[in-house]
Amino acid sequence: MSNRYAYLGPEGTFTEAALRALMPTASTGDLVPCAGVDMVFAAVRRGEVDGGVVPLENSVEGGVPATTAELVGGDPLLIAAEVAVPVEFTLFAREGTTLADVKRVASHSHALAQCRGWLAANLPDAETFTVSSTAAAAQAVAEPGAPYDAAVSARIAGARYGLAPLVEGVGDRTEAATRFVYLRRPGALPEPTGADRTSLVAFLPEDHPGALVELLNQFAVRDVNLTRLESRPTGDGLGTYCFFMDADGHVAEARVGEALMGLRRVCEDVRFLGSYPRADADSDPTPFVPRAGTTNADFHEAEQWLTRIRSGIVD
Amino acid sequence: MSNRYAYLGPEGTFTEAALRALMPTASTGDLVPCAGVDMVFAAVRRGEVDGGVVPLENSVEGGVPATTAELVGGDPLLIAAEVAVPVEFTLFAREGTTLADVKRVASHSHALAQCRGWLAANLPDAETFTVSSTAAAAQAVAEPGAPYDAAVSARIAGARYGLAPLVEGVGDRTEAATRFVYLRRPGALPEPTGADRTSLVAFLPEDHPGALVELLNQFAVRDVNLTRLESRPTGDGLGTYCFFMDADGHVAEARVGEALMGLRRVCEDVRFLGSYPRADADSDPTPFVPRAGTTNADFHEAEQWLTRIRSGIVD
Amino acid sequence: MSNRYAYLGPEGTFTEAALRALMPTASTGDLVPCAGVDMVFAAVRRGEVDGGVVPLENSVEGGVPATTAELVGGDPLLIAAEVAVPVEFTLFAREGTTLADVKRVASHSHALAQCRGWLAANLPDAETFTVSSTAAAAQAVAEPGAPYDAAVSARIAGARYGLAPLVEGVGDRTEAATRFVYLRRPGALPEPTGADRTSLVAFLPEDHPGALVELLNQFAVRDVNLTRLESRPTGDGLGTYCFFMDADGHVAEARVGEALMGLRRVCEDVRFLGSYPRADADSDPTPFVPRAGTTNADFHEAEQWLTRIRSGIVD
Amino acid sequence: MSNRYAYLGPEGTFTEAALRALMPTASTGDLVPCAGVDMVFAAVRRGEVDGGVVPLENSVEGGVPATTAELVGGDPLLIAAEVAVPVEFTLFAREGTTLADVKRVASHSHALAQCRGWLAANLPDAETFTVSSTAAAAQAVAEPGAPYDAAVSARIAGARYGLAPLVEGVGDRTEAATRFVYLRRPGALPEPTGADRTSLVAFLPEDHPGALVELLNQFAVRDVNLTRLESRPTGDGLGTYCFFMDADGHVAEARVGEALMGLRRVCEDVRFLGSYPRADADSDPTPFVPRAGTTNADFHEAEQWLTRIRSGIVD
């Protein structure tokens, strides 16, 4: 029996594109579109699917609040993979529509924001309408008696809803990308690959100058590089924050493991979110080489030395 | 002639409530609702208004991406004031509607998310509809032939659109709050009050382990407390981040000034976003007392000492 | 058969007093005076004695170079105990001598330096002579046809050489003290007592700004307090230093052990010098309480947590 | 009228050699030998001489306690220059003496310690005698009816006392060197040369974990490299230390000045000991290049930026 995967729908979203990139052999029947990020989490938590894909952060908008909220709260899930998908927007319309016909454009608010420059220059008189997703916009345009003339959507949405591409690349930032993560219920972690990422949420013990420096020092002294650090309210009012962190490396590595133990000891709480292969590993030709003193072998040697000196053996 | 203020509209939003709290003497005619955060910034930048109010962060959702994007990019504006507004949701309907009549509820997606528990418990069969703001939901409910029976909105929206409150306090988190900031064009800063906040964006020089620790050390060695730290993509793709920071204190203070100079020297770039009175100063009965060695007097004494020893005067 | 102990002689030195404080049941026949610190080390290394006592640091003069040189180089020995002895100087003379008779005073150069004020005020016309130790001064005064009239020595020297105390407390600093250590060949360490000290020598990897901070951070992140830090030339010319360190705690403790492993990984070399009970433990009424997060139990809990998350178990 | 200089005598010491290297045009009549380091300080303090030369540290023995004690206490003097002198020991005897004749060798205790290997190998049966300086040993050997056959001394001592060199290079470590400093009363500092050193003593505020790291961070955040760090008892008993530090750079530089101000603010007390040209500047072919962000120009730019943002000017 094949695996089933939930994702942030409807069909034709960038999230579906991400899921297909992560699970290239999955058939359409195995993909379960959900109406919200929270519903993807719920489906995975309840075991209705084997895993789920949601957006984590966008190069233009930053973190996706709904995803971080679910990762921080609720029953824990683990990130088992990630993928970065270029955010390439296409203007879709029904067959036969020309650009001059377009008076009403629908899309997700973020998509409209990221295409504002193109729209102002090329469709200065068109009205824009915000709908719940870029795919919903395509779906709406495809319906008989559609209230909109065109949709700004992911390329994948065109085929799904039978629309014709009017213009490709209507986004203002060509390098925009969204990072998606694949979530599943707790269980065996992906094996270390040598180019991995570890995600976690740390809750600071108290609000005093230097508390955050102390926390980051737990990583720095073990030479663990942080690639992302984002404070988030804990939900207990303004002024109380937790820190969402991504670090280079796999928790199976000694240096990462010791850093996490250090964090565990100095924080109110630490929620481990997973260790998984980095999506940019392929594009990065230089493999990560830990600084002298931070390899597993260095940790092992130091442990053996500690065992010796604790027994009074010095040399 | 009175001052005019832009804000994230339409009328009846939490942002209007924030603006009224910040400018209690402003009359309704001086308030200019805008359709988006970017339009508030644009109105202030073009000088069409004296200042503008936008949401900066929410205790449940975190930072407001549209606001941070505008603060980081475009012509610089300065934050001159802040206010925290409790997020209290009210279920509004047309006069005569009872709870049992409510089948279709409209609101902003964030508001619906924050009332999900209440809605599931009290209106399990109602459909929810996402519109562009909580005020737009109220406005839509108020129209003749409205497609929705009720709106989840700010209290201020009820009077504005002639709706009756069905239930107050329908949010799942009673302590939720949103922090709003008042923006204006560059010019003289608010005077230090003794309980101030300084906001800025720092662009890290390169991606190496400990770079962030070095940056935070610039604050720690001057005993400047950071109250918020949020990494944001710079917009140049995933993996390149800038850091949005709030620190206790006013740039006019020596310790804050020196920390900012240090940041300026070690960062690719630093964008100063303003020094302004803390919104929570009233509720915090204990005035901030800088640690020994970090008062203006301490800095002044150290400067005089440096002048002396540079002249070879030691005692 | 009883144990035998070497010490920095001749008989009657402060070092003999220290040895008697450390080994109260040792008989005089078990104590082996040596002419130099290096000879004490040599006697212990060759197994001629069970252990040896040497001065490590003095509250007025600082570290004792001969001792640190021997600890850093040569076959390693371990410090197994320490004791602090008040440096109380007594002016001794032959029976019948009065203060007015004293024209020539002998002592060790350090002792003369520490009594300079008293000598200037009370024996302004006396000449001072430097001999190899305070005990040697007493010995010389006791000899027939002695070239000196009086000796500044430890109290213990008077009885040893049959001299009479002329004046007690002739030192200029009444709180002066010397810290002595008991050395023995490598072997089982003293058990942790809850108030211990760990000594070591660290060799920095290279000379770059912040290298020392990185090294000290290895202690700070594990909340291990350093009580002494002294740079010493490595002997390979000026500008190349090693760091002699004393830390609170026993290497058997998890926090100390992890700090030492960290040091081992980032340093060129680390020489462990021993973990042993603190001499000031009795005088310090408040037992050391590790900060939350640094007890053995905290380390154990964090290790168990790490084992769980490495297996994908999160809760 | 020519300048007069005190030094640690008697004539023929390594200190005299250092003084001649520092003041090559001084005539012998201008050099005032003193019997102790404290007397050199006293002569300078009383204005009897223009300046004085004393040993500061030795590559084998470490810091010279008498010098650091005088630098830390008493009326302040400033270090105005430094020089490193190779410690090359020569065995001197009266004309006509052969190595086989040498039964009794005199020298300073440190010199004997540093020649122990040579003496054991080449004069295994000779007795050694400790006198107050290597020059005093030469002087004693030169006297009629001398109690010693040979002296281990500096080369300069041979000519002074009319002795013949028996063997040159009898030290066990050929790379040994001593660093001497030239002291004068407070007054205009030497101009910055681009390769300078700054010396100071810092008194820590209290004994808590990380206090020393905080102190060193004051240097690290301004990228000021420490070349020497030595804890010394303050003289108020064991366990209370001050830190003797050498840093690269001149107090006239912005980065050094700001670091010293930071130190001044966080320490109980800081005693500035001088900024002066590094003795090893000539031998180091690569001029020091401050890291980006720490040049005087960087500090100046940051100050101008601070002035602008304090006026609300952002760009």
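We just call them A, B, C and D in the order they show up, numbering each chain from 1.
Please note the rule applied: contacts are C-beta pairs under 8 Å (C-beta built on N, C-alpha and C of every residue); 3 or more make two chains touch, one makes a residue touch a chain.
Chain by chain, the UniProt names read as follows: A, B, C, D = Prephenate dehydratase.
Just so it is clear, the structure is predicted and the values come from calculations on it, not from any experiment.
Enquirer: List every chain that touches both chain A (Prephenate dehydratase) and chain C (Prephenate dehydratase).
Expert: none
Enquirer: Give a one-word verdict, same or different, on whether chain A (Prephenate dehydratase) and chain B (Prephenate dehydratase) use largely identical residue numbers at their interface, taking over half shared as same.
Expert: same
Enquirer: What is the distance in Å between the mean C-alpha positions of chain B (Prephenate dehydratase) and chain C (Prephenate dehydratase)?
Expert: Centre separation, chain B (Prephenate dehydratase) to chain C (Prephenate dehydratase): 59 Å.
Enquirer: Measure off the straight-line distance from the CA centroid of chain A (Prephenate dehydratase) to the CA centroid of chain B (Prephenate dehydratase), and report it in whole Å.
Expert: Inter-chain centre distance comes to 25 Å.
Enquirer: Distance between chain B (Prephenate dehydratase) and chain D (Prephenate dehydratase) based on Cα centroids, please, to the nearest Å.
Expert: So the centre of chain B (Prephenate dehydratase) lies 57 Å away from the centre of chain D (Prephenate dehydratase).
Enquirer: At least two partner chains per residue is the criterion; list those residues in chain B (Prephenate dehydratase).
Expert: Each of 217, 220 in chain B (Prephenate dehydratase) touches at least two other chains.
Enquirer: Which chain pairs here would you call touching?
Expert: In this structure, the chains touch in these pairs: A-B, A-C, B-D, C-D.
Enquirer: Given the complex with chain B (Prephenate dehydratase), which residues does chain A (Prephenate dehydratase) contribute to the contact?
Expert: Residues of chain A (Prephenate dehydratase) touching chain B (Prephenate dehydratase): 38, 57-63, 65-66, 68-69, 84, 109, 113, 116, 130, 132, 173, 175-177, 179, 207-210, 212-213, 216-217, 219-220, 223-233, 235-239, 241, 243, 280, 291.
Enquirer: Enumerate the contact residues on chain A (Prephenate dehydratase) facing chain C (Prephenate dehydratase) in the complex.
Expert: Touching chain C (Prephenate dehydratase): residues 76, 78, 186-189, 214, 217-218, 220-222, 251-252, 257-258, 260-262, 264-266, 271-272, 293-294, 298-299, 301-303, 305-306, 309-315 of chain A (Prephenate dehydratase).
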